[in-house]
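This is the structure I want to talk about, given as structure tokens.
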Amino acid sequence: MTEKCGVVGVSLDGRDAARPLYYALYALQHRGQESAGIVTHDGFQQHSHVEMGLVGDAFGEDDLDTLNGAAGIGHVRYPTAGSVDSSCAQPFSVSFKSGSLGLSHNGNLVNADEIRDELAAAGHAFTSDGDTEVIAHDLARNLLEEDLVRAVKHTMQRIHGSYSLTISHDDTILGVRDPQGNRPLCIGELEDGYILASESAAIDTLDGELVRDVRPGELVVLQDDGQGFDSYQLVEEENTAHCFFEHVYFARPDSVIDETLVYEARRNLGRKLWEESGVETDVVMPVPDSGRAFASGYADAASETTADGEPRDAEDDGVEFAEGLMKNRYVGRTFIMPTQDERERAVRLKLNPIKSTIEGKTVTVIDDSIVRGTTSTQLVQLLKDCGAEEVHVRIGAPAIVAPCYMGIDMATREELIASDKSTAEIRNEIQADSLAYLSTDAVADVLGKERLDLCLGCVTGEYPYDIEGEETDRDVSRPDIGGQQLPADD
Amino acid sequence: MTEKCGVVGVSLDGRDAARPLYYALYALQHRGQESAGIVTHDGFQQHSHVEMGLVGDAFGEDDLDTLNGAAGIGHVRYPTAGSVDSSCAQPFSVSFKSGSLGLSHNGNLVNADEIRDELAAAGHAFTSDGDTEVIAHDLARNLLEEDLVRAVKHTMQRIHGSYSLTISHDDTILGVRDPQGNRPLCIGELEDGYILASESAAIDTLDGELVRDVRPGELVVLQDDGQGFDSYQLVEEENTAHCFFEHVYFARPDSVIDETLVYEARRNLGRKLWEESGVETDVVMPVPDSGRAFASGYADAASETTADGEPRDAEDDGVEFAEGLMKNRYVGRTFIMPTQDERERAVRLKLNPIKSTIEGKTVTVIDDSIVRGTTSTQLVQLLKDCGAEEVHVRIGAPAIVAPCYMGIDMATREELIASDKSTAEIRNEIQADSLAYLSTDAVADVLGKERLDLCLGCVTGEYPYDIEGEETDRDVSRPDIGGQQLPADD
Amino acid sequence: MTEKCGVVGVSLDGRDAARPLYYALYALQHRGQESAGIVTHDGFQQHSHVEMGLVGDAFGEDDLDTLNGAAGIGHVRYPTAGSVDSSCAQPFSVSFKSGSLGLSHNGNLVNADEIRDELAAAGHAFTSDGDTEVIAHDLARNLLEEDLVRAVKHTMQRIHGSYSLTISHDDTILGVRDPQGNRPLCIGELEDGYILASESAAIDTLDGELVRDVRPGELVVLQDDGQGFDSYQLVEEENTAHCFFEHVYFARPDSVIDETLVYEARRNLGRKLWEESGVETDVVMPVPDSGRAFASGYADAASETTADGEPRDAEDDGVEFAEGLMKNRYVGRTFIMPTQDERERAVRLKLNPIKSTIEGKTVTVIDDSIVRGTTSTQLVQLLKDCGAEEVHVRIGAPAIVAPCYMGIDMATREELIASDKSTAEIRNEIQADSLAYLSTDAVADVLGKERLDLCLGCVTGEYPYDIEGEETDRDVSRPDIGGQQLPADD
Amino acid sequence: MTEKCGVVGVSLDGRDAARPLYYALYALQHRGQESAGIVTHDGFQQHSHVEMGLVGDAFGEDDLDTLNGAAGIGHVRYPTAGSVDSSCAQPFSVSFKSGSLGLSHNGNLVNADEIRDELAAAGHAFTSDGDTEVIAHDLARNLLEEDLVRAVKHTMQRIHGSYSLTISHDDTILGVRDPQGNRPLCIGELEDGYILASESAAIDTLDGELVRDVRPGELVVLQDDGQGFDSYQLVEEENTAHCFFEHVYFARPDSVIDETLVYEARRNLGRKLWEESGVETDVVMPVPDSGRAFASGYADAASETTADGEPRDAEDDGVEFAEGLMKNRYVGRTFIMPTQDERERAVRLKLNPIKSTIEGKTVTVIDDSIVRGTTSTQLVQLLKDCGAEEVHVRIGAPAIVAPCYMGIDMATREELIASDKSTAEIRNEIQADSLAYLSTDAVADVLGKERLDLCLGCVTGEYPYDIEGEETDRDVSRPDIGGQQLPADD
């Protein structure tokens, strides 16, 4: 698994790529804090620096100075429970007959083990058990016999699952997005070159212009002189499987995915939430910072129509939007957990309720998700202790009922409160006066997609991939790798 | 100098104070990131742990386990330019004839050198050159001959300047606030004891109730059984000198100072700002997170009245409040600075402008202050590059024209852009279409104080203290220490 | 290059191998301080822990606890100038079709690049540029088609150069020594298993018994039950090329190589030195600790015969053996180098001359080698400053005139003082009253070998291998890899 | 307690003292590895750098660069069990009325608590509970009213116990040795100044000349121009109390104490050991490195006379001196201890017996001491396992029967094997064939002292100081501090 990670690739006209890659990774830091790495190529030689930790800690000036070359790729890796393993830090780099390869991977293959076995049978030896090494070996093998574009195509035909890749083949930088476009990847134009990145915010950081998303099944090859890029639509599928959760939770609000600002999408989801399940309370407040955009849209909609869908009267003050929960901005850094009997107070270290905003009021709290339910329970209690008359919880996305296999590490099925509880039961458990999630139809509607073009696995339990022990929501015909005959002429 | 720091003191009924102190310091982390320390007393022995770094890094479980005792104090220290010196980390602890003392200090004495010289003449030897050690020695000397309350009183009569102190005298915890109440200090009630803290947010974190601010010139002694506290009004002055900047910038928005929620004070300053210098633009946006509360109040006021002070028509949509700048939440952690020619882009790493919100629009940006002007210049440029038609800058506080001597490390006078430039000149330098600061009268008005009861030194250049080379805004009669005769009977 | 390193392999009857491997590496620490690593296999899974630094720093209790399995190998790596590169730390581990491989390598291949190219042409991708990965891939490829013994044989037939290897193939432990036996490797019997190690001192540490050296060209396979080992003489060459420098300098004095205690060999070289170039002086003193054994033998011989080879008279007190130089036992740890003008004094920080032993005396100083000459120059000066009448230098080995290509990192040819200076010129440069080295014939004589069975490259400039730009001292027929036809039936 | 530490002080003619101090501390590293510190004074200001760890780790180039001034002192501190406390690291530095003081202390006061109480009663506050702060405060107090020499004298009259001090009073460097001369301290002349150091080896390191030991009760003041020093014999006592253990165990062999090279003293103790309890065996071997000098003297004496004290015949080969135990030179660095059942093998990790030297032989092993007996037991077992016919243990010092109160951290009385066991019982416990210690008379004889001029507390249980619960071997009249009247005219 290479989980929710951030990838980037840059090709410039002469200038060293290391610093732009560094700043791009810095902009993608939210996608992975476990490790950070950069691989560059100066035309003669590949340079690599990969380390555990945050971007700012993983690289010093000296490290950037040794990463010569106008072309390179980078990676930030998400900390996955349990396996903090430096052997999985990326980019993965290898040298082989016709040169060197660097790979940054965001996503998760479904058939990595099969391909690994086949490659092993052909004599390949593996130093890690990651998907990325499998892709690298497969690509390297293809490159022995065919050109870059065909090699990538054949690898794409063999691997199945979710992948957004940036690849360095010597000093040529490539971007690849899986045929269903599960993870984001976009192209940006810089002053003196081009960039591929998981999110457009990384392009902004470098003062670049977002050109467009890489298309599902597309290979983008950055030109070595930084003057443009070439596009190859190598594989096509009937439906896409965009991860809706990128919009709801994972991507930066200032990134543009599918031509929509994530912040705006979240505001619109919030508007829908009011329309679907609005409740008239004295105040609406976000859980900072995750619920802020949703709450802003929710409150906006609430200022226009009543919970019954009627236009507001001029005299009707409607629902007040307020900052009723303040966040300790040092949260997330190391700290010693409270002891068992202090545990209930844990949320208090992160969120401080503002009494004057809450006391004696009916309150709606907006967030983007409920995972285990523990925090929500504490939060409702906190607000009631603070004097809230009623606490209504509204969630800007559907309930998460099943795990993600495509690269977002949420929790095991057992840990997910909604995996075996109805909304009524959850409401009861968290002791809220009411609870509502957004519908999946609303999500599709807001994102402007058919449901079938989205990966909704975690909220429906039906996946756009063939995953052992899970149901699929589409007709999946995975390539039969074992007996695969590479097409004669492509 | 002990700069802008955070102090805390806790006395509980039996339960160890170390963990509550730890969480309180965690809540005060924004007041100081250079070092953190806790001193406790278990009735027999004093325990101390002080280390450089953030609270979460400075303490491990083992450290807390050795800090025995139901009484203790804590400190977080602000990183002052140049002197990252572990010998100044606090609490400062000493043992002397009648027991042990621990001191946590927030503030800055004006006459520390004089007292130090006098104590030295009396044979005292100092291990640091900090104010805190001076207070500790003076107090220890007094305690040789008189009881605790008188000893504190006599020390308060000798020291001049700004100080909020938490003190442990063996297992008795004291809180002292200077006669002008320059730095905040408040009292909170916990389930099983009492707490003194720089800000009420620390009390909230422990599920406590804010009782009230410690009064200027007051000594508060927490009772050893955690059942209450005793108050001694030891020194009184005609006027206070509350730091208005705590409200504007330094304190957490969820803290209550002078019975006012800081967040509300900021919103009200924002409202005043609209009233004083509102300008009609398409959008109003905060610089996150510092300008958020001001912008919220500003936009609120703007939705009610026009820039001319007229009530809005129902049809007039007024000024739209928008999140047009998105913050990289990893900013502030270590990172490699851009090279000289990338420097202009530095602000871009922190703030990403949302094109769809800005392009083709007239924009008002709200922040809490302009210090050197560099960031503002870059920000205006950023917004114009992003397509803003006009960029108007509004600041929710008066211009900073002079340094702070009372414990907030802003910048030297030379660095302050407003120290030798008019508002018009600054507007020109940062290339904004218009620029306005809030007036000092508005500040006093919003905070509900007489101007003379506030320390406005940094925005007027006139200080409520007698500082060499600076003007004072009041009649200052500093105690003549050398010839001081301690009163016979108090 | 894998330089002068230490390797070990252990197979036990049930007990975990990690701790025995750890203590064995600790005993081999002198062979490499750059990195340390252990790979174990528990029958199901391979475990690996490799880190930069000394053995004691690289492993914690937790690390050993996770290294499950009764079979494993270990490695300590010598710090080579320039390339402190974690990607070269060993053991190198890979998984492939039929299992997993771990490799620890001491030595240096001559034809690694050729084999790498060939493997790359066959589709292999490499993550490092070390010899060890080349051997691992070649072996893994062979294992796809043949059994372990044949696979090792074919790899041995392809690789050329110096190698002592310990290999884990799943939970089977192998030891391989190159056909010329350049680097040492020996077999030991433990209470409940067998061990392979670079030096017998590692066996002693585990209370084991040295069985014998692994023979040049031999493969030793430890039985999985710890009950014995199997031997396969896979390749044979007419002459060996044992590194004489292991005996002189590199190995621990308490190791037994070629059935001779290294300490005794050094004493005997010292005796020869007296016979060849003894000089009558008041005292003989070693440079501690490197010259101690040589000086002890030299002084012994000197007590029996005069410098002219005559038996001593009973009255002739002969040469006195004395400790005239004392070593600071903290030398070698980090310290700040003296400034340029203090530089001459650098040796003084390490070695302190004892005035009472030296003043007014004629002195002979014994060491094992002169590399750059700087230290010797300083030492002679130091002794003369201390009042020595004459200073005679005797070296227990021939002069080093050429670099080592087989794994001992001495210095570049330019740095070697003897590469372009005669003994007379060196004597003049170091300002000694006389200087003598041991002859190469004496070395061969003492070690009981034909000259042609030793690698004397660094003292003769003629190598037992075909090294580009250097002369060879024998008929070298390297395998023609490109067109190699693997024998049909072996 | 300031235990066995190393102190140094340097005053130069212009050149910065920091580097010479650094190298001197490096030479004294064996006296303390817990912390290292330097305090310098540049005529205007005191500079200090004190850190936990070895000298090489505690100081970087930058640190030395900030330690300006031609005068300074340094300290290395011995790691005392339990209290690894940075607040006790030295030099201790304070500023007071007439300037600044730095103190480095080796030794242990007997009446520190009394003086501390008295000073506390006079208003002094203490930041640590170390002896050194007590001396500093007392000295600072005296300096308020009298000149430096008188101040030191009065402090020396008050403090009781063992102390060798180097002191910086602004840029004046002083050395003080207690009236009984318990710990060593010597004066050296450098090219451009003077040095005070615990041991002469530190002087050698700086190419200086040992002038002489500081006399018991003497104050030495280095002249500020580096041209000389002034001596004041401030206090005199009838008898000295030199620690004999410095000669036996603690000092470097290349240091000269009391005009005798420590190495020679150890050899002579070894000679005496043969005379007192020699036993004819095939070989004599030292425990490296601690027993080497003793064994060398023992073997020398054995080559001259038989165990019966008769001169050897010419034909009698006598006892052979051999290196039968080889030391792993990485011992002492971190490593994971063997588990309980491997524990017996612990000594094996440090010492490797040479079978060829031991097997079938009768063996005498020489060491400097037996503390707990554990190592000796293991060692005897090791030699017997290796085939020794007989193992005789000889110790170059008397049995340690009681703890040291004067600064050498040996062990508690309960841990000392000889505290409650006779030599016969110890022999039985360690399973040696015979065991003998050196007599205390022999020690006094070899060191050329009256028994009453030595501190033999740890081997007799009678101390030259008045220690609660212990016996004294002399008439001790401690100053009655409480009622002390400082003499009117001195």
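We just call them A, B, C and D in the order they show up, numbering each chain from 1.
One rule holds in what follows: a contact is a pair of C-beta atoms (placed from the backbone, for glycine too) under 8 Å apart; a residue touches a chain by one contact, two chains touch by 3 or more.
Source: prediction; values computed, not measured.
Trainee: So which chains are sitting against subunit C and subunit D at once?
Mentor: none
Trainee: Could you tell me which chains make contact with subunit A and subunit C both?
Mentor: Per touch definition, common to subunit A and subunit C: zero chains.
Trainee: With centres defined as the mean of C-alpha atoms, identify the chain lying farthest from subunit C.
Mentor: Looking at centroid distances, B is the chain farthest away.
Trainee: Subunit A to subunit B: how many Å between their CA centres?
Mentor: Result: the chain centres lie 38 Å from each other.
Trainee: Taking each chain's centre as its mean C-alpha position, how far apart are subunit B and subunit D in Å?
Mentor: Chain centroid spacing, subunit B to subunit D, equals 52 Å.
Trainee: Could you give the separation in Å between the centres of subunit A and subunit D, each centre being the mean of its C-alpha atoms?
Mentor: Once rounded, the distance between the two centres reads 63 Å.
Trainee: Of all residues in subunit B, which are in touch with two or more distinct other chains?
Mentor: Correct list: empty.
Trainee: Could you list each pair of chains that touch one another?
Mentor: A-B, A-C, B-D, C-D
Trainee: Across the complex, what residues on subunit B touch subunit D?
Mentor: Those in contact with subunit D are residues 93-97, 101, 117, 120-127, 129, 136-137, 140-141, 144.
Trainee: Using the touch definition up top, name the residues of subunit B that touch subunit A in the complex.
Mentor: The contact residues of subunit B facing subunit A are 19, 22-23, 26-27, 29-30, 54-57, 59-61, 64, 201, 204-207, 252-254, 261, 263-264, 289, 292-293, 296, 314, 323, 326, 328-330, 333-336, 338-339, 342, 345, 348-349, 352-354, 356, 385.
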